[in-house]
Amino acid sequence: ADAIKVAAIYTLPVEQQWISRIHKALNTAAERGDIEYVFSENVANTDYERVMREYAEQGMQLIVGEVFGLERAARKVASDYPETAFLMGSSFGPVGPNFAVFDNWIHEPSYLSGMIAGAATESNLIGMVGGYAIPEVNRLMHAFMDGAREVNPDVKFLVNFIDSWYDPPKAKESAFAMMDAGADVMYAERFGVSDAAVERGVPAIGNVIDTSGDYPGTILASAIWHMEATIDKAVENVAAGNFEAIDYGQFSFMAFGGGSLVMDESLIAPETVAAVKAKEADILGGLFRVNVNDQRPVSDN
Amino acid sequence: MAENTVLKLSGLSKRFGSVVANDDVSLTLVKGEVLALLGENGAGKTTLMNMLFGHYLPDAGTVEVADANGVLHALPLGHPQAALAAGIGMVHQHFALAENINALDNITLGSEPLRSLKRNRAAARAKIDGIIERSGLKAPLDVPVGQLSVGERQRVEILKALYRDARILVLDEPTAVLTPQEADTLFSNIRSMITDGLSVIFISHKLREVLEFSDRIAVLRHGRKVGEMATTDADEAKIARMMVGADTPKVARQEMSPGAPVLSLKNVSVSGRSQRETLDNVSLTVNANEILGVAGISGNGQAGLAQLIAGLVQPSSGTIAVDDEDIPKPTPSRMVQAGVGRIPEDRHHEGIVGAMSVAENMVIERLDDPDIQSLGLLRREAIADNAVKLAQAYDVRGPGVDASARLLSGGNIQKLILARVFERAPRLILANQPTRGLDMGAAATVGRRLLEARARGAGIVLISEDLDEILGLADRIAVIRDGHLTEAPTNNREQIGLMMAGAAA
Amino acid sequence: MIRIEPREATSRTFSVGVPVLSALISLAFAAIPLLAAGANPITAYGEMFKGVFGSVFAVTEMLTRATPLIFTGLAAALAFRAKLWNIGGEGQLYLGAMAAVAIGSGLLDISGILLIPIIIVLGAAAGAAGMAAPTYLKVRFGADEVVTTLLLNFIILIFVQMMLEGPLQDPMGLGWPQSAPVLDQGMLPPLMDRMRVHSGLILALVLAGLAQFMLARSVWGFKLRAVGENAAAARHAGINVNRSLFGVALISGGFAGLAGVSEVAGLKGYLTADLSPGFGYTGIVVAMLAGLSPIGVVIAALFIASVFVGADGMSRAMGVSSFLADLVVSVSLLCVLVGGFIAKYRIVRSGKAGATT
Amino acid sequence: MMDLLNILLSESFWAASLRIATPLIFGVLGALICERSGVLNLGIEGIFVVGAMCGWMTVWLGSGLWGGVLVAACAGALFGLLHAILTVPLGLSQHVSGLGITLFATSVSYFTYRTALPNVSSPPRIEPFQALDIPVLSDLPFLGPVLFQQTALTWLALLMVLLVWYVLQRTALGVAIKAVGDNPDSVDAQGLSVYGLRIGAIVAGSALMALGGAFLTMSAFDAFFFGMVNGRGWVCIALVIFASWRPGKALFGALLFGAFDALQVRLQTEMGALVPGQIFLMAPYILSIIALVIAARSADYPRALLTPWFKGQR
């Protein structure tokens, strides 16, 4: 079959963690020859709708992107181009016939990484630095906190948002401040946090992407998002001519391979590793559901 | 004679767009002489000197300067650096001083290599002290120039030139802002420096000092040199005729008996930011049909008095009344309402909005007037008609009433302001340095207008540092010193001078 | 020796020709990054033209993007006329947008005939308040307005984020920091079916014309110009300088607020913290390019919007990085700036007559 | 209250303040030099980006760290030169040129970065500057640990404060720069070149600004990110007025802002549950405005700021 023409529209540069996962999955599909892939990055909110239409007019078969904050407009565009498949990161539901949604539902591995953090902290204080308090971030933070509390009921959290996606020096300063306040495990939602952790010799937990290669000996574990499952599924459906407006969110779940936990077992106590693995099995077996909480997390005290 | 020539300008021409500022001007300067360069406003005097100094690049012509051995060399044009190196020093009509640095730094600016990491301020100070000693030009060296009086700035400008070992000194209207005493001191200092080998070109509109201090006179008219003569052969009428090309009428002043008071200040104090803006318990009355001359050395509170009458400051104590009506909280518009016409000291800075048209500047004080506006919209025909009428009546010449006021010459700007003020037939007129920098013709116009207003029944406060002007126009004279105002008992020039300087009357 | 002289008179062909020429030259410069990215410039320019003028859609998109720039351009132009350096258009835009959603998203459920004017007026008022505060600090304390308006941009943007996570958050928004949508009847009517261009554009054009008229013909405009050109002379002439400053501050802030209103109630429907890609700052550029003339602002805004929309579309068509669009905009901006100089001044080689050494 | 005191007395707080202040010190000094000569340089935000990108890219391509610093400074100087040509001999609007330079410098950096690295998912890293242990100094009580945590670039920034102060206060060049910013005619009349001085000041100032950017990618962090300058350049434009164009006050202003920011982070962490976190994020900006209202009442503008000067015209 011919390669499917896929376009992606991102509101931030492709290095942004969340976007980088979609970008990676699409690049992989392109390398396999399944798709022809083009993208526009850093598209301003105002311009997003125009770019969607431009791609649709160009005859793209599948348009991938994120429509947080432009939910309505995006759905309007989709209804104007019923022949084009849209797969959009969204907090809302899909609409027929061609507007499917996904999100980074990796709260499960986040929970598991929280268990590791909870066991690792000696000061019982964990620092968390986030970009913006949006549901996609909040939910993973809460899952992480729940996991930590499960193994360590005394654990407390320091939470900080820097209100920027891209200011590693600022994130780093926030992390330093938390470690000054006694945090001895850091949750690295943003670039910069792990760097601060390395400087202070404090362990960190990764999120969305695997950075353990960059910070050997510091990253205990990371909750990883794999967009491949979602993208491959959508591409397959478009190729087969049966793309449907469904919620692809579940393809980010661990059971579909959309989320996974990587851990550096050399840095973690064996009994913790065992407990995490047991919990992982429970999740995969449907015996344990990680709670979803989209509220802005705040520091304990 | 040829051996003694220190400067030779040949065939200098300069155009600015369509304006021919200088047309084939040639001039020589002999060692040790004082050459006065005369001409009406806009005749091209400053332009000629600016070409000599390298600010402007001539369209044609050459400049030759003698070296220490008296040999003439062509001067590279358009480079102040070269002019300075050749021993030319220039004191600019509009001071070229940085106000945020002190006099010492202004004087030494450019004389030290910019690359060097250290300055030798002690040596510089010693040299300046030596120059001050020889020339008698005193100025505070360590205070930012912004805090100096105009007289002090003037001296700093001259020190700048002497510091560079100037052998030729150009003074462009050096006395325009000086008191007669200051001017006398300046000239006697210059005289003493001439014996040290200095040669001087000076520009002035004050014929008295030209006749007193120069050796030779050159006159420019419309950019061309129209004559040269030895000062001994010259008199006022002759010079004036050469400058203007016609005789200038003398201002005639008739005696009048004063009418009712139009302005009374009772024990007014103004707390200004500096001495020049401070008034201390001043009482004064100005009557109709009367010109009160306020004499004084600049910086003694004239600014405070002018601001008070203009409505720009409020008295900290005391009362001010116009036509017997108390004005409790003076503002500019209230003063205008009360019938006060104001001719500001700094016509460019306070008198006009340069970027707006002549016509607009002519109505700027009466925007509430229903003749000018209706329902908040300008009545443009009325404004234009008014402008044409006033321009004609007050002989405001320039590129037209729709052109920017900035393009008018200084004299014409002053006429614009006069037109605006006199047109409303004010009861009281505040005229602050109204003829500063103006040529004889323009100054005569101002004097005539003031006398006409007086004849019509207005009271006039004439603040001036030009004692000749005050003696020529005023009915009564008060001297301002340190924020105090004292009535001068006589119209005696020497005695008033002493009062201005602070000696007991 | 080279000298710069003002031109005596500028012929019409010259004053039109030079900007056009400089726009063309800027395209030549833009070929450099295109070649660097391995794209054929000639094809690229074709795509660029198509991206702005190639279809009704393209043209309406360009107009859509120009609309907020006209508002913010007017905001800067008027304030700058009075030498009131309002760098805070970005923040005032968000204030206007916040007011629009605060009122328009359900607080007042009334008919559009009433609701739209209320949104417009209160949005403008919010922007005006955002400029009144720095003006007060300037007049009362001498606090430089460049600093205060600039810093207020940051403060307001953070404040918007706070509101969007708090009182203004859409309860139906699933926790995403965005406001509830403006009611349908509160939306500025679109100008064309299926296109985004909306009646905010008409409002912008009318206000630009009005501003031009008032500046030239009204006493208010007279005073404003006088204060801006020479505040000391204006004060001496009896003009209340502070009142003029406050007046223009309110209007300037109001225009910037309207940019926010128009983006929210004309285009997006609700407020997010990334509503504006720097319209407030670009407005300053627009205003200065326009020589601070309100009608000029319209032209400059259309120019900037055309270049951006064209270059953005072109980057996609050519498969080069979309950062190219901003690059092309900045290059044309600088070229047009220089072009404006060449139209006003000439560079003369001179000195042969006088130079001897 | 106790907490606040603890924070203010802790070494790590002051170390963080100095770290946060470092890019601002570079930036505000750079802006100060430009404005002292009479030219506003709103290109600063973009020049930060260029400095950040070029410095990092040079090191990433294999040069040493100081090589990166040098390239960053040169790149900043180059964009400064462009601004200087547009605003000094051509006398064009300093606002438009500056904002145009910001847009130009930013987009060139981004475009170059993306064209050079089309397919990165995570920005490549370099080995950044490490904390510098200066023997005697780091043994000082309190101050030692504050300074000991800083890298060579922070030391360079502090050195630059001294240097700029010295040049402005003690050298003929400094006097000339101050004079040309107050009244260009004064400089012209003394045979110095107005154009030369202004162009030089803008080029040098822009080079300093670029170092502020380079600090972000080579010391504060070790990779280049889009948008990472995040308004720091604009803050410098504000700080230079707060500092009344004086290097000493500029250092003070930058440190004050840095301290507000460091405090903000700590308070948000501790009290984020009680009030919205954004209150703290706003704090540095609000406090800066308050400081301006209190301190800079008589901000003493270089009189010739924003006014172009042409030789032979009046």
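Read from first to last, the chains carry the letters A, B, C and D; within each, the first residue is number 1.
Heads up, the rule we're going with is that a residue touches a chain if its C-beta (ideal position, glycine included) is under 8 Å from a C-beta of that chain, and two chains touch if they have at least 3 such contacts.
The model shown is predicted, which means the values in this text are computed figures rather than measured ones.
Chemist: Which chain's C-alpha centroid is most distant from that of chain B?
Modeler: Farthest from chain B by mean C-alpha position: A.
Chemist: Which pair, B-C or A-C, has more C-beta contacts?
Modeler: Comparing B-C with A-C, the pair joined by more C-beta contacts is B-C.
Chemist: How many angstrom between the C-alpha centroids of chain B and chain A?
Modeler: That gives a centre separation of 75 Å.
Chemist: Using mean CA coordinates as chain centres, what's the chain B-chain C distance in Å?
Modeler: 45
Chemist: Determine the centre-to-centre distance between chain A and chain D, using the mean Cα coordinates as centres, and give it in whole Å.
Modeler: Centre-to-centre distance between chain A and chain D: 35 Å.
Chemist: Do you know which chain C residues sit against two or more other chains?
Modeler: 3, 6, 158, 161, 165, 321, 323
Chemist: Among the residues of chain D, which are close enough to touch at least two other chains?
Modeler: Answer for chain D, listing residues that touch two or more other chains: 110, 114, 278, 281, 311-312.
Chemist: Could you list which residues of chain B touch at least two other chains?
Modeler: If we look for residues of chain B contacting two or more partner chains, we find 57.
Chemist: What pairs of chains are touching here?
Modeler: Contacting pairs: A-C, A-D, B-C, B-D, C-D.
Chemist: Given the complex with chain A, which residues does chain C contribute to the contact?
Modeler: 57, 61, 64-65, 68, 158, 161, 165, 173-178, 181, 194, 196, 263, 267-269, 272, 274-277, 309, 312-313, 315-317, 319, 321-323
Chemist: In the complex, go through chain A and note every residue touching chain C.
Modeler: That would be residues 11, 38, 40-47, 49-51, 53-55, 57-58, 68-70, 72-73, 80, 91-92, 132-135, 138, 163, 294-296 of chain A.
Chemist: With touch defined as at the start, can you tell me which chain B residues reach chain D in the complex?
Modeler: It comes out as residues 53, 55-57, 79-85, 90, 92, 94, 96-101, 105-106, 108-119, 160.
Chemist: If you look only at chain C, which of its residues touch chain D in the complex?
Modeler: 3-4, 6, 33, 36-37, 137, 141-144, 146-148, 150-155, 158-159, 161-162, 165-166, 281-282, 284-285, 288-289, 320-321, 323-324, 326-327, 329-331, 333-334, 337-338, 340-341
Chemist: Tell me, which parts of chain D touch chain B in their complex?
Modeler: The touching residues are 170-173, 175-176, 178-183, 185-192, 300, 302-303, 311-312.
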